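Shared chain: chain A. Partners: chain B in the first complex, chain C in the second.
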Partner chain A sequence: MEYTISDRAKKVTLGLALVGLVLLVIGFFSQKDFVYAEKINDHAVSIKYNGKAGTDLQDQLKEKIKQKMHGYKVDFHDAHAHHDNHTENHHASEESESEHETLHASTGSEHADHAAHHGPTFVWDVHLDHEETAENHGGHHESGADQLVSMVESGEISFADKGNRRFWSNLLVNGFFFFGISLGALFYLALHYATESGWGVVLLRIFEGIMSAMPIGIAVLLVVLIVGSFGGHHIYPWMDPEYTDPNSAHFDPIIFGKKAYLNLPFFWIRALAYFATFYLFLRWFKKKSRQEDREGGTESHFKMYRRGALFLVFFAVFSSTMAWDFIMSIDTHWFSTLFGWYVFSGIWLSGMIMVMMVTLYLRKRGYLPYVNESHIHDVGKWMFALSFLWSYLWFSQFMLIWYSNIPEEVIYFTERIENYKILFFGTFIVNFFFPMVFFMSRDTKRSAGYLIVIGLMIFVGHWFDVFNMVMPGTLFDQWELGLLELGMFMMFLGTFVYTVLRAISKAPLLQKNHPYLEESKHHEF
Partner chain B sequence: MADKVIYAMYDDDDTLMNGAKHLVKEGVKVSDVYSPMPLHGIDPIIGVEPTRLGIAAFLYGLTGTMLAIIGIRYMMIIDWPMNIGGKPNFSLHENMLSFVPIFFEFTVLCAAHGMAITYLLRNKTLPGMPARNPDPRTTDDKFIIEIKSSENAHIEDKKLSDLIKSTGFIEIEEKKY
Partner chain C sequence: MASHYEAPIRKPLVTGNKTYHQISVDVAKPIEGKANKQWWIVFSISLVLFMWGVGCMIYTISTGIGVWGLNKTVGWAWDITNFVWWIGIGHAGTLISAVLLLFRQKWRMGINRSAEAMTIFSVMQAGLFPLIHMGRPWLAYWVLPIPNQFGSLWVNFNSPLLWDVFAISTYLTVSLVFWWTGLLPDFAMIRDRAVKPFQKKIYSLVSFGWSGRAKDWQRFEEISLVLAGLATPLVLSVHTIVSFDFATSVIPGWHTTIFPPYFVAGAIFSGFAMVNTLLIVMRKVCNLEDYITLQHIELMNIVIMITGSIVGCAYITELFIAWYSGVEYEQYAFLNRATGPYWWAYWAMMTCNVFSPQLMWFKKLRTSIIFSFIISIVVNIGMWFERFVIIVTSLHRDYLPSSWTMFSPSFVDIGIFIGTIGFFFVLFLLYARTFPVIAQAEVKTILKSSGDNYKKMRDKNGK
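Our next item is the complex of A and B:
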């Protein structure tokens, strides 16, 4: 049976994408502004901020700078309170430069007076003096001022991000999440062929439709990676040549040690290999199944059977290395061998939920006469089982690192628990307990209501899982959930679902010459 | 009470399923079906109630979790607290994460064993128990429907045998108990 997108579906999905785009634009331009830093000399840095932050937040930032610049005596002087939000960078620097001399002599009481008059915008002159007992002086290659500037620039000290980190991180989160959904569908299709399964034949065209939306994810990831490679954002620290240059002030021996794997040429070879492999297999599978429709026989089927097994071989390697390259390398110092499987389980599960949602929708509209309760139940079982696989890997990674408590490993979770506590544990609770409690029973796995409500919650939960993987390494404690995040997610979701439905409408919903079609039609247990 | 039991044997599971459906539709009470493999969908046809093994499994699992918690609390916290890798076992709550694998394993152990033993007991098929199937061929490639006359007193003998005849069995046997 042919499927054509109804006007309503078109309006809903594209409308969702459009509303998402509007929210994204509003969110993007209403972001909090960030902190600039400029070095004046080795002992003085000018920090400027032209957003809106109250006295409390400013004091917190001061405390933070003091903490980070441990070993230095830090003095703050309010150079000038700008009420003009459009302060140009160079303009401000000139101003603070000129005021630097006069304010250097400002006394503590004056400083307190100034503090009472904090407006929304500030320019601080920060003076850094070595404490008289500073014992680690000899070991420093860089001056305190350089350190402070680099910390501000990397986003370690800030109210929000520099270089639109938030935007780029979100683009990475959504790009990877929706790329993963298509990849999960492609993987399952290959698995279905490689294992010569029969039950799911009536669903295969839905898998095909979902994997057809992969170009969206590929394109977005490519944009993120290309801009990153040219230094447009700092999501991947190892892409910054300064860290691997032994003569640089920012030289990072750990990243340098990983240079053999994490370097741009090799990274791009890998990234292009992933995309090319996945996309070519995708195209090939689609072509073959159409050919089977036309010609019949078992020749295409056995070709797909062998090619499916071959794909699994590639996927076994690439799914892990892809997770390391795209996600794990954000926290370049950290490593976990389990990470690839953990990401993969999330990918597979998100793919399965998408399959379930599309199937339920099409079935409701009467397009899938051969999909019966048992098929729905089986996909439901996958959702249940994969939630457990994901939880198992989540917990294994967490528990082993928590237990051994090695600083270089545990930092990953310390950051997440300190700054993302609710999200971090919330994701686990939603993604583990909800499926466990609600999908344990046979009846709920056959009920569209349960599947949709709980399924969507887990779906969003897994979006947050990707969020948790990316944000702590890019935005640190500066993350936010606002219109930007919501808008971008809606935009991606709408576009993705529309693309999937359009891809499904391009081919008959039933693979009429699949050798196991009869078995699948009579699937019952 | 003297009871007459009729065993109708089939060589195909579909024939048996259709036959059973037909008999039940005509008001015959089929007391049991013997088969070498699980026949999916036979339970609702002959009116077997849904199994309660799942509930039993849950209770066994819960017992296992409780036992594991009590055991760990006694062994690792109260009786002999140890300091493992800088994580002293002075509190169950704080070390809960490291005990989760034990909770899990013991839960599975208890649920699986409890369930298996209950199943064997309930079916009276513990090792060494006498076989209850009427014909050894039902463990190979034949299927049997069991009909008790005491449960079908409301149907005339003549009509009952006609009904059974129409189901396409290959062999029939009557036993008196």
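Our next item is the complex of A and C:
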């Protein structure tokens, strides 16, 4: 049976992508900036910026602040310098002195945290003095500091995010997430062959379709990595030669110590090896299964059985190193031996959810006459079991690091709990409790309604899992969830699903000569 | 549970043209017959070893833990090594019966009974070690949070050692229930065949009045599924929590996040190896080659190969991340493992656990019975060394070079370990003489789909 994409499906998926693109553009141009202001007292504000900005841009911003704060004499002090100097110099009223001290202390500790990564580009203490005291005493009750803070918060005083960190970080999140879905499908297909499974034969073409969308993920990741390699963004600190140059002021001995592994030539060899290996296996599996359709017999099958096992060997190594390279190296100082397996569990699960959704859609449209409730139940069981696997690995990694509380390790979670608390724990709760509660029963794993609603929630939950892995290392506490994030996700989702459906329409939905086809057709339990 | 249709290219799981009746006869034979000379020889040797172990235990408890080779730096050595080793072996049984049940692997039916028996017997051996190490085992109930009059005596819920108490006792209970549930119809079969009144009495007691009515079977299937569902997370949890004993610490070489899944993989690895060791012998001695076929052994070898590779990936990951971390203590711990005074233990572990299972990629080797047997022993040696390496080499280089030591076991350490091996075999040999060692009721359910005679018949009829 052949599948053709209906006009409606085309419209919905491409429409989703298009609306996503529009939202993305709006979000991109309206994004709030990353200049952060914190009031110290009525006469002093601390201004922080974490992006990349040269001295010329910084001077422009200083000019802007001076303009906006007319009526005040504005002084800038670099807070990287000694804090105590400011306390002596500036004109704070005596009673707020102690408050000032504590605020300084807290900014200080934040520095220490971020120093492990890029660290803020600058932190200024801005001191404001009235030039015409009489004029302001009349009408304005708002202090100069309050005015400045609100102007920074509203975006009136800002500079554009020159590094576009938010854009690049989101591109990485989506690129990796959707690449992972295809990879998860490819992995399961290989596993199905290598384990001589029978039940899922009627679904294999759907796995093939989903893995066929891998070029999207590869292309996006390549763009992110190429731009990063040329210094276009600073997601990967180790790519920045400043950190590994012993003569540089920013020399980082820990990153330097990892140079034998984290250096651009070796990194690119690995990245290209992953993409090439996965893509070639993908092509080969598709080719072979078409050949089986034409020629029959069991020769192709046993070839795929062996090639499936070979793929798993490559995958066992590459899935871990890939997770270290693309994700773990964002927080270059940090390390966790479990990280690769943890990322892998998320990839596998996201792939399975996608399989479920596409299967339910095609079945609803009457395209999969051989897919019965038992097949759906089995995919549902995988979603259930893999959610447990993911939660198990999440918990193991988190608990062991939390329990031991070793500074260089626990910093990873400290940052996430301080700045991403709701997302960090929320992701775990959604991805663990929802499947546990709702998919425990046999009936829900056979009910399209439950599968779609809960499935989509944990699908989004796993997108946020990737978000939590990337953002704290690139945007620190300055993350946002806005049109940019939403638009880009929609764009990727629409394009991805469209590509998947198109790939499915290119081949018969049934692998008619698969030796286990009869087993799969008779699958029932 | 089992699928009704099986593709012709699948290999038969029951060979020798069996009928239902023949299965009953074959399974009941070792129980109804008399033990031969070899059985008595092996049993006597095991019993002697066991008694020797009991002697060493009594000596330890009456004299004190000082009779072991422990010292101030290495305060944990053979005791915990043996404990983890036995617990690990005890993983395969429940994995085979529960996880493979959920995966609908029919080949589990030939081996699950003995694998579960092995599980229970090895968990019992494991449990002995913490018990003896307590020094005063009669106070063992202190590890349980029981309300008491002893003032401040209360367990520490923050300690993974306590989690171990819960995890292992739960695991043992569920495994035992699962095992016994599966045994009911088989015990009933023996009961119904028994001619001696005493035997009949015993087997009707242990079969809990199984009647074989449809309702019995329906409940049996239901409870099997529920227990499988319960046992699956338990399989993972037990060794996960054993790994927490080490990984929650801050000792370089112990504290690493990959420990939980890697310990589980290692446990399954060693457990399957032990199943292979036992069954390769048992199928021969009890004439069960038609039920535990070469296909079964090959599949177990593949599981050994896969889990061995997973363990290998974890070793390499640990080694790599130790370097990558930039933490010199971590780096030293692993350098010391591979090249320090215990290098031989490390490389014994690497050879046995990572390299030797790779030979199973060759079909010729993994279908060779004698080779499988050798590898299964090699893997069990390797897995013992793995625990020894993790535990002793991480400890023996303490923070102060003045406290650097080596560990050498005393005869008591060795005696207790050998004693548990004896005990294990005593139990297993008794089991082999009195229990139906093949889950005959389950095997009968796959006879028509996977029996060689039925497969041939289908081929002939074209469907």
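Simple rule for what comes next: the second predicted complex is superposed on the first by the 396 of 525 C-alpha atoms of A that agree within 3 Å, B and C clash if a C-alpha of one lies under 4 Å from a C-alpha of the other, contacts with A are read in each partner's own complex, and residues count from 1 in each chain.
The working rule: contacts are C-beta pairs under 8 Å (C-beta built on N, C-alpha and C of every residue); 3 or more make two chains touch, one makes a residue touch a chain.
Note that the structure is a prediction, hence the values are computed from the model and not measured.
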{"item": "Chain A as common anchor, with chain B and chain C clashing or fitting", "value": "clash"}
{"item": "Which of chain B and chain C A:335 touches, first, second, both or neither", "value": "second"}
{"item": "First (chain B), second (chain C), both or neither touched by A:403", "value": "both"}
{"item": "Partner chain in contact with A:268 - chain B first, chain C second, else both or neither", "value": "neither"}
{"item": "Which of chain B and chain C A:425 touches, first, second, both or neither", "value": "neither"}
{"item": "First, second, both or neither for A:525, with chain B first and chain C second", "value": "both"}
{"item": "Touched chain A residues, chain B compared with chain C", "value": "C"}
{"item": "Partner chain(s) touched by A:258 [first = chain B, second = chain C, both, neither]", "value": "second"}
{"item": "Partner chain in contact with A:393 - chain B first, chain C second, else both or neither", "value": "second"}
{"item": "Colliding region between chain C and chain B, picked from 3-11, 21-29, 57-65 or 75-83 after the shared-chain fit", "value": "75-83"}
{"item": "Residues on chain A lying within both footprints (that of chain B and that of chain C)", "value": "399, 403-404, 524-525"}
{"item": "Partner chain B, residues of chain A touching it in the complex", "value": "395, 398-399, 402-405, 524-525"}
{"item": "Chain A - residues contacting chain C, complex", "value": "196, 198-199, 253-254, 257-258, 261, 298, 313, 316-317, 320, 324, 333, 335-341, 381, 388, 392-393, 396-397, 399-401, 403-404, 406, 408, 515-516, 518-519, 522-525"}
{"item": "Residue numbers on chain C that touch chain A, as the complex places them", "value": "1, 3-10, 102, 104, 233, 236, 240, 244, 247-250, 255-261, 309-310, 313-314, 317-318, 321, 324-327"}
{"item": "Residue numbers on chain B that touch chain A, as the complex places them", "value": "40-41, 85-87, 97-98, 100-101"}
